[in-house]
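Structures are listed in the sections that come next.
One chain, subunit A, links the two complexes that follow: it is found with subunit B in the first and with subunit C in the second.
Let's look at the complex of A and B:
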């Protein structure tokens, strides 16, 4: 019983991954005409006779879903005629930038939101609490598109503090330290945008679950024992509030990933979002297909990994019978 | 419970501002085409002209009146959100009540489907479908609704399971009430506040998705949308026209999403007794 309960969400994630893969296999075959015409017909890049016959050879031995899976696993994702590179090369060029941006944004927003949520919930009913909660509610209503554009106009056009596009200055050879500063300056705008977008959600969830936890009997006990308030706050209360924060993370991810795609485009950060945008403009379907499928699979892997890790950390679930 | 709720809602500033703004946008969406001074597809004006008495927000790079464009864009973006929200709510409530009331295999299958859909990032399926088939906005709104009903039905199902044991429902079963009679007369009306939360959350998500998809260029380029306006105007952000071309759609989109977020947050606060203001705690 415990085992099936522990594996329940993981099975859902596996089925979701399978569904996504199957959809990305089956949807293009529903297009009118044969596969090659369907995939490249609307493309803005004209194909030569030679390229077309090569593509046909590539897809001719189509052995159904099994063959598709095999091609995916061996990184044979096709060739992009809009960018003149293999699709897998494009994808893996863009991936590190997206991971850097999203990883740091999520980590910082998580830590900031959590600490702020715990501290503010502790000061329940004070003027500080009302102000911060009001401000965060306001911020929660501003979508990433808007924060991103406003920051871009202010900091890169009006005051010219940060570069408006790219991830690093091109054609500059410099030391390790200078390179880090350069990367940081390029990262600043998209990173701030994403943190501003993720922070309110993390904060509000932490605060709400802290308020519920703080009513529990063991908090009163801890106070009665005369433990230092900071110890009660983090060791007793916040540890239990963390559960809700992690659970909500998976639910909010669909929302968060949408914003990240858009924010990369605003500051032309060379990650998957910008690649996707360019591919959509050129109607380069193989690239769109690859970005959509593999970013979904990665999201699923990350969320299910978190889920499993959390299930092993939380003693209430580990010992549940 | 409902009367008490509406009294407390009327005292909450977030709810008042949110619903007021939402009503304003609704009016603009309905009356926008009548108010627009020009045809938003008319390209006969001088491109990139600054605002004047005739053209309140100036002219864009294609020679179109920005103010008329904005009115149509609000209408398209908001109606996409409302439609998707209504459809997701309908689907979510039906599936949730059926799943909770009937139980057994039906419940197990429906909830497994819900788990799978919860795990899949909706935007990815929308991007794939939009890029491959270029469907009408209406179909995309409905597809989005078909992807985002699970959170609503999970909440409705949980509530149905508690209501199942209430006296009124037990009495209705005793008197021989059929499944549909009990679901329609006893279960559905009881859960009214939950609909509002679900509807607000989904509408907000749909508006956000519409703006993002339009921004990424997945809709018909001739269809006015706040996301598309931002995308076009962003190309000229370094010129002195950003404040009357780029800013209006950004402010409108923020206010639109904010108004619905306010309503959702305020409703959630009111309906979750554990989050109520400490002052009220004694009376609960």
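Let's look at the complex of A and C:
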């Protein structure tokens, strides 16, 4: 009985993974047009029929879903039509930039939002609470493309504090310290844009959860015992509000590839979002399939990971039957 | 008490500290911005145009330009027109239908090997065997070396665009490297970037859209004026130029004033790129040229330029070739904006207006679908704003229009397969060799999404064949004049306007960039001529 209960989620996970793998294989092929049309169709030098069929023959490498699975099993991700490089190389070139941007934005927005939410909820009814809640609600309503453009205009165009595009200054020979500063300067605007986009949600969710938790009897007991306020806030109250923020963090991270697409586009940041966008425009099927597969499997893995994480964060879940 | 104040103020002090630190680094934009004054950085919105060898670059102008820094051609162009490159002189011999090129001596490939006629002969043979989509060698029979520095290229038939489309566009590749390459599309090893051009290729990063070239000191036309040439990807060309991160960028024409105020030089190109209305002339009622003329009279092209482009552009010639072209025919049929004439033509075709003021025939409403998408022009994607204006104009003339905005490849795919009524498209090359007329009209190019692919008028097809085979420039000019007349009369597509094309550069870097007359190679309208960095 116990084994069946343990096996159930594993089987469900495997089935979901297989379905996602199939979808990542088949959906990109349904896009109208192909690589030859995308790459050569609008060229100033049109192709003759013969050249066109020759190119189609060259780029036709579909071996069916079976072949696709076989290749995946041998860690063979395919070869990009447009980039003339193994898909894995392209993927791992772009991944660190996405992790740097999205990972730090999510982490910072979660920590800031959580701490701010806890502190503001603790001061419920104060002018600080009203001001911060008002400000965050307003910020929540501003789309990130708008924030991004405002930051670019102010900090790049007007004051020229930070570069407008890219992830680093290309082809500059510099030491480790200078490179870190350069990376930081390029990261500043896209990172701030994303933090401003994620922070209000994290803050509001934490604050609302905290307000609910603070009404609980055990908080009154903790106060009556004379425990230090910070201990009550973070050990007794905030811990019970944490799982909502962790869920949000996980889901944000799961949508890592598409999550920063807008910001990556307006600041020409070379992450996975940009890679996927360019691949779709070029109908570069092997790249689209690989990125979509990675993205969907990541969502699955993170959702499953969250299930496990809840057990550690909230003992009630661990002991629930 | 002191501790409480500190606790309350601590977040603000930390925030102020971080802000000041950022300001400290940020207020020094030139601190780590670039390597030095002996390099040029060119900004581009797309970044990736493929690796810069003939088989890996993307088949668009910016891709070709990136390759042209590394690979030289037999002939090139500077400010004043054609100039010798790898060939020092050339002549055409009609009796043998061949071009004879005298080649430059002492030219070395980037790996130090000597360049000779064997490389030119090999290039012709290799490109015939493995077609290069940018240059067609269909008219070339073959090449033979007449000595180490002389080559004869024999034609199958007289081919007037040869000097522009082959001599001035075909990159010469080294025999000692490519002779053992069976699949050129996959050859991107470091040796595939060895050319005779003024710059040596060093690096290309697709993800970041950056390219690095270094000066080739032994370049046969003299050492380049800078040490490093760099392409960077930028989504904000104006900011990149003003902050010193780029030295040359393509900008929106309405930014010209700001840039001039800041001391930048703004370049305006000739009218070599047109936005046009593709028409599905295979299906009724669009297969009737009278109907197409009715459409033309219903479109106010000046209004499109004013409303969608702030007046920055000029109306296009209906004969396709640009008014700035030496073969432009000013007497081609013209279709002024006259909705009354549209009404007259439609009524003569049996259409009547319904209660809502829209035309119908045989109880069927006249309704057309108009496809629009973002189109890449000069390497930059342009959001379409023309479709809505055209829809309103046609509807006010009594023609119902359904506007469909698609992503570019999806729209291209429908145009390619003739699954459309009207579509907004565009292309350049209108200042280059008049063979552009063949490329943009002939039905031979079935997969094209911006060619009219029109084969219904045999006179037009005959004229097109005749003009490319006519080696006498004056006779050819007369043929090209006729083509423009017939094309404008048949209207298989409607040329709408030439958007203003603007680039800007920082003169403090000491390089004078310019748009090349007639465009580079096949007519690329970009001011990135390698001669700017040589002479």
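In this text, the second predicted complex is superposed on the first by the 242 of 321 C-alpha atoms of A that agree within 3 Å, B and C clash if a C-alpha of one lies under 4 Å from a C-alpha of the other, contacts with A are read in each partner's own complex, and residues count from 1 in each chain.
As a working rule, contacts are C-beta pairs under 8 Å (C-beta built on N, C-alpha and C of every residue); 3 or more make two chains touch, one makes a residue touch a chain.
Because the structure is predicted, anything quoted here is derived from the model rather than measured.
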Original post:
After superposition on the shared chain, which partner residues are touched by A:157: those of subunit B (first), subunit C (second), both, or neither?
Top reply: both
Original post:
Which partner does A:283 reach: the first (subunit B), the second (subunit C), both, or neither?
Top reply: both
**OP:** Go through the superposed model and pick first if A:117 touches only subunit B, second if only subunit C, both, or neither.
**Re:** neither
**OP:** Determine, under the contact definition given at the top, whether A:83 touches first (subunit B), second (subunit C), both, or neither.
**Re:** second
**OP:** Determine, under the contact definition given at the top, whether A:201 touches first (subunit B), second (subunit C), both, or neither.
**Re:** neither
**OP:** Pick one for A:265: touches subunit B only (first), subunit C only (second), both, or neither.
**Re:** both
**OP:** Return first, second, both or neither, reflecting whether A:15 touches subunit B, subunit C, both chains, or no partner chain.
**Re:** first
Original post:
Is A:31 touching the first partner subunit B, the second partner subunit C, both, or neither of them?
Top reply: both
**OP:** Would you sort A:190 into first (subunit B), second (subunit C), both or neither based on which partner it touches?
**Re:** neither
**OP:** Would you please give the residues of subunit A that touch subunit B in one complex and also touch subunit C in the other complex?
**Re:** 31, 152, 157, 164, 265-266, 280-281, 283
Subject >> Interface residues, subunit B side, partner subunit A - complex >> reply: 14, 112, 115-125, 127-129, 131-133, 151, 205, 208-209, 211-212, 215-218, 227, 230, 234, 237-238, 242, 246, 250-251, 253-254, 257-259, 261-262, 265, 272, 274-275, 277-279
Subject >> subunit A to subunit B touching residues, read off their complex >> reply: 8-9, 12-13, 15-16, 19-20, 23-24, 27-28, 31, 124-125, 137-138, 140-143, 145-146, 149-150, 152-153, 157, 164, 204, 208, 211-212, 215, 250-251, 253-255, 257-259, 261-262, 265-266, 276-277, 280-281, 283, 285, 288-289, 292-293, 295-296, 299-300, 303-304
Original post:
If you look only at subunit A, which of its residues touch subunit C in the complex?
Top reply: 31-34, 36-49, 51-52, 54-55, 58, 82-85, 90, 93-94, 97, 152, 155-157, 159-174, 178, 181-182, 184-185, 188, 265-268, 270, 274-275, 278, 280-283
**OP:** Quick one: which bits of subunit C touch subunit A in the complex? Just the residue numbers, please.
**Re:** 22-23, 25-27, 29, 31-35, 41, 43, 47-48, 50-51, 56, 58-61, 131, 133-136, 138, 185-186, 188, 203, 205-210, 212, 228, 230, 232-236, 238-240, 242-243, 245, 375-376, 407-410, 412-414, 416, 425, 427-429, 436, 439, 444-451, 522-524
